[in-house]
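Look for subunit A in each of the two complexes below; its partner is subunit B in the first and subunit C in the second.
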Partner chain A sequence: MKSVPRELSGIRDKVARRRVVLEEKAVKKKDRREARKSREKERERLGSEAPPKQEPRTLENTREHDETIVQRGDEAVTEAEQVDEFAGVFGGEVTPKILVTTGYRATRVTYEFLKDFVAVIPNIVYYKRGQYELKKIVKYATSKDFTDIIVVREDHKLLTGLVHCHLPDGPTAEYRLTSYLPSGRIRNRGKSTSHTPEVILNNFTTRLGRRVGRMIGALFPHNPEFRGRQAVTIHNQRDFLFFRFHRYVFSEAGERVRLQELGPRFTLKLKSLHGGTFDPAGGEFEWIQKKDMVTSRRRFVL
Partner chain B sequence: MQHDDAVWNLLSQNFCSFKVKTRTNTFCKHEYNVTGLCSRQACPLANSRYATILEREGRCVMYIKTIERAHMPNKLWEKIKLPSNYTKALEIVDERMQYWPKFLVHKAKQRLTKITQYLIRKRRLKLRAKTRLVGINKKVEKRDRSREAKALRAAKLDRTIEKELLERLRSGTYDSIYNFPKVQYEKALEEEAELEEEEDEELQEEEEEEMEYEAEYDSEEDEEEEEYASSMQDMEDLGSESKNGEKFDFDDDSDLDDEEIAEEEVKKVLTSRSKTRAKGRKRKSRGVRVEVEYENEPTTSQQESNRN
Partner chain C sequence: MNLDGRIVVTGDDLGLLKAIDVGSGKVVFQTSISSADDRRRVAVTHLSRTGARDNIVVCTSDGAIHQLLNFRDVATVPGRLEGGTVGIGELDEHRALLCSPAGELHFLQDKILIPSSMTVGNNIQCMQTSQKERILAVAGKEQELELWDLQHEKSTFRAKNVASDELGLRVPVDNRCIAFTSKEDTKIVAVGTGLGRLRLYDTRCGQRRPVQDLDTSLNRRNGIPSACTAIDVWNRSEPGSVVVATGDGDLRAFDLRSKQVQGVFRGHSGSIKTIRSHQSEPLLASGGFSRFLLIHDVKSRAQLAKVYVINRVMGVVWAPENSGKQLASKLPADVNLSRGSSLTHSQPKKRRSESSR
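Here is the complex of A and B:
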């Protein structure tokens, strides 16, 4: 509830005071509307010489300067990306093969998530976790030519995290997993087909961001089947990675596109990224989230 | 020097600092006691000959007390480190406790077994990776939740995805796919136009005939309808043919099931388009004689039922 402006607090009668407040509000609204109209007229009159429209300030366009943001045509970065761990997948020489498993003693929550998840990513194999340590699984998966391991974690029957380890030489990323919405609970959703989806990696700007984006992108084969008209989106907004899965259809003239969500939805947030395969104790961290890191809401790392 | 009975009398009847009495049992707190119970047999104080096995720094050590050592309390217990090999350790126990009371030998061996087993288990547990519990900061978690919701709103996901897809379409990513409806559609249109011209001629002829055979109007109509239906069929065939052509390789029927949904929609778009066009043209070409039935009926069966 809004408090009464100080200059009106002298009016003791509540009804009268309310009336005055409303009147003032109406006046303000009217003023604003008129100001806008006059601005529009001015713009029309000046035509091309009109001052540019004012953009609303957002966290995105007032983002803190970050020198690791990759500029368009940065050759050093593109060259580095041509020889990184995912170059094989993006070059089309390697077809990703993914092993997915749960944490110890997983419950229904994880299994339901996996059911949705497995339907999205092609060439994915679920293995029961049992009592195997992750390091042993890494060894096994490497020997079986898997390119990635994904472990879904839960705690107190809630999904909490996801570990993604690229093989054979890493890197390993740890994510916080939230806002999971099963496909079944999405309204008007479609059913996915087994076509290889396209991947849309949105908004990964910094070097770390691009690396993370490429890492996730490398889960999907680089030859999407366009006739399936399915697209997986990993959209980065303020360091939150939104995962969506859609089917699309273009209008006749190709001017519009309509989407149908296939699901699931979930959100990832990077917690750490370290080189090499899974080894949280000895791994060399490229980035790790620390408690005192969040001092500005305009600083983003991805 | 040895007065075992006297000692036991004292300890059992009077005070013993190792004795713990409970309602059901009397226990002994002495470390060297082989059973942990307060009894004549198991008392390490009241027995001048006694042996036990203890764990010292991850190894089994045998402690033996003999009558010969009773005069020097600081060397009362002989300590023998047992080998980590269980069978060899057992041999040593057997050797050192030859002719000893069966009870003590048995208890010593029992202890040896127990200790070796727990040492093995300890080593194995230590080798296994342990899960580390990490605290969740409620404040941070709450903040992240609200920021996530705001970020989601700022992302305008549907719009950005649509934009990206359109950009891809324009940059020609889908050229191999999305050319097909346009090219084939135009082709289909041309053919359709030709067909209709023919049809118009036929119609004119029919009209002339109609004047003559007014009585047989109904049967005439049916024929014409069949013709129209067949022409539609042709058009649909055309569409599917084009799909089977060079742009799409649907020849492999193996994964047809998965493609059905996607294919259906494409087909729907294609056929509905050609049909609407067909309808429009038909109306114009008919001129005066308008066939109302064709307006709503996409299939022949429906047309027939409607007429009845």
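Here is the complex of A and C:
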């Protein structure tokens, strides 16, 4: 870190000090711009002999080798996915029917979230929680042919998590829910319609990632109404799942697309995934967050 | 330790059987089991070697029994167990014992399934046999541990539930795994429960309640325990040592006399379905929902091998010593070798030792 020049620390007046800082910044920026221009000129001059452009190293592009990352055309995975719990929804044979409820004694934050959530997901029914145990709710929902249960959790008037239980036989995923931005607070938002949205599942690479991606994707019926031009995106980056809801419109020529954000925005992080319906004590976990498995910042599970 | 030529056979949840050379991390043989009526896959539930021959008994979730003969063919045994199999008990070179969740016993003799007249209870979830003494141990959901004498077809020991807890509430019975703590005798039986308790029953002292009731869930999240999924003892251990696997991927070595955790076998991130110690070497093979087969050194608890098996590992068995050479010579030309995965040697990270309780 560069040290503050002596002249700067000697200027006691904040306004004057700020002016000097901005001048220096402008000078630096100009230098950088000129350096970049000269580099580009040099590249043009060298043409094909120019050295390759340097890319900054990020955690994503230096990701550690993971054997569970699914390669394109992996038959074993395709076969496994053809018979998994979500195959019915992905094949279009089963229409998802979701029951959403809250934790015990939910407050306004949960209800605000639910209003937005219920507007995005088609075929969803909200039930008041009352004093029902989740295992009993699972039984009830199974008997009423629901395909999924979602429970929104909060603590101290803050949204904390989401439990997603697929029916009738699981699996069950627990997520941490953060960074929720209500639809009403999104700038220049559009108004959503009741058209079934398209679903985009981005960047689910590993076996576990694909399973989680399919689980979330199975919340939506697989017959999107393209006329509505609405798309739900679940984007995975560094094991954080970003939920976004947009309307898109192509330009006349079809080259460009413009987006308008519609619905809520929130982030999920998988805490655990276990087989069967909700049973954190007796359940057999497919994955659970564990300290000793976090060996590197460049290792991700989804 | 040199793992070259050591073969582990895994069965997964899509009915694939793979023989893996854990030294190189390569799959040297693969075959699949489909259900009888259609080509859909069935999950393998248990694997066992019967006797000295190279036959491996495979139980699948539809209740069918198969045998992998000399790493070549899979023969399906006629007959089926209603509700699947709870486990495979090795009796002797020619016979194995199978039990259904409803408590119906069947003997597998060579390639024939012979139903037994014995029924051993209901809602059975786990079983174990002792080769020497012809004893069968069974336990399950609301089914206490019971030892049966197979020769005389009668019950020799029936356990009793633990005392009610501090609130006076009855403790539910959910026994998930059994092991005789010594391969020599059946005096002390270890049972793991669905709520993470490891219980020891001593059949000598006349006490029907467990003599020890240990908590295996050391890393509790929000106070929620995790189920014990498997227990194993290895031949040459110090007496009184067991390895317990849990539903959240922990594999711990317990010293039963001091009631403490001796150490942890690291590497699993999901429920461990099966653990199997080698018949003579201090090696432990384990596999589960994380889709990896892990080999650990029993004494140092170092991870010696980690092989990606693509699907969830449901059963694991060590192949006989000479299998490596046998497989190399016997391999038919058209066997489709699946892609082997690279071996990752990882040394366990130095950590503070698990504090004993």
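Just so we're on the same page, the second predicted complex is superposed on the first by the 247 of 302 C-alpha atoms of A that agree within 3 Å, B and C clash if a C-alpha of one lies under 4 Å from a C-alpha of the other, contacts with A are read in each partner's own complex, and residues count from 1 in each chain.
Note that contacts are C-beta pairs under 8 Å (C-beta built on N, C-alpha and C of every residue); 3 or more make two chains touch, one makes a residue touch a chain.
Nothing here was measured: the structure is a model prediction, and the numbers come from that model.
By the document's definition of touching, of the two partners only subunit C reaches A:79; subunit B does not.
Of the two partner chains, neither subunit B nor subunit C is touched by A:24.
By the touch criterion defined above, A:145 reaches neither subunit B nor subunit C.
In the superposition on chain A, A:295 makes contact with subunit C only, while subunit B stays out of contact range. Residue contacts after overlaying the shared chain place A:169 against neither subunit B nor subunit C. Applying the stated contact rule after C-alpha superposition, one finds that A:275 touches subunit C and leaves subunit B untouched. Of the two partner chains placed by superposition, only subunit C is touched by A:284; subunit B is not. When the shared chain is aligned, subunit B comes close enough to touch A:242, but subunit C does not. When the two complexes are overlaid, the chain among subunit B and subunit C that reaches more residues of subunit A is B.
Residues 280 of subunit A touch subunit B in one complex and subunit C in the other. Looking at the complex, you find that subunit C touches subunit A at residues 14, 40-41, 174, 194-196, 219, 224-227, 229, 247-249, 266, 269-271, 273, 288-291, 308, 310-312, 338, 341-342, 344, 349, 351. On subunit A, the positions that touch subunit C within their shared complex are 67-68, 76-77, 79-80, 83, 207, 274-275, 280-288, 290, 292-293, 295, 301. Subunit A meets subunit B in the complex at residues 58-60, 104, 133-135, 176, 178-179, 190-191, 193-195, 198, 200, 202, 226-229, 231, 233, 235, 237-240, 242, 244, 246-250, 252, 254-257, 259, 267, 269, 280, 291, 294, 297. Here subunit B touches subunit A in the complex through residues 128-129, 131-132, 137, 140, 143-145, 147-148, 150-152, 154-155, 157-158, 160-162, 164-166, 168-170, 173-174, 176-178, 181, 248, 255, 258-259, 261-263, 265, 269, 273, going by the rule given at the top.
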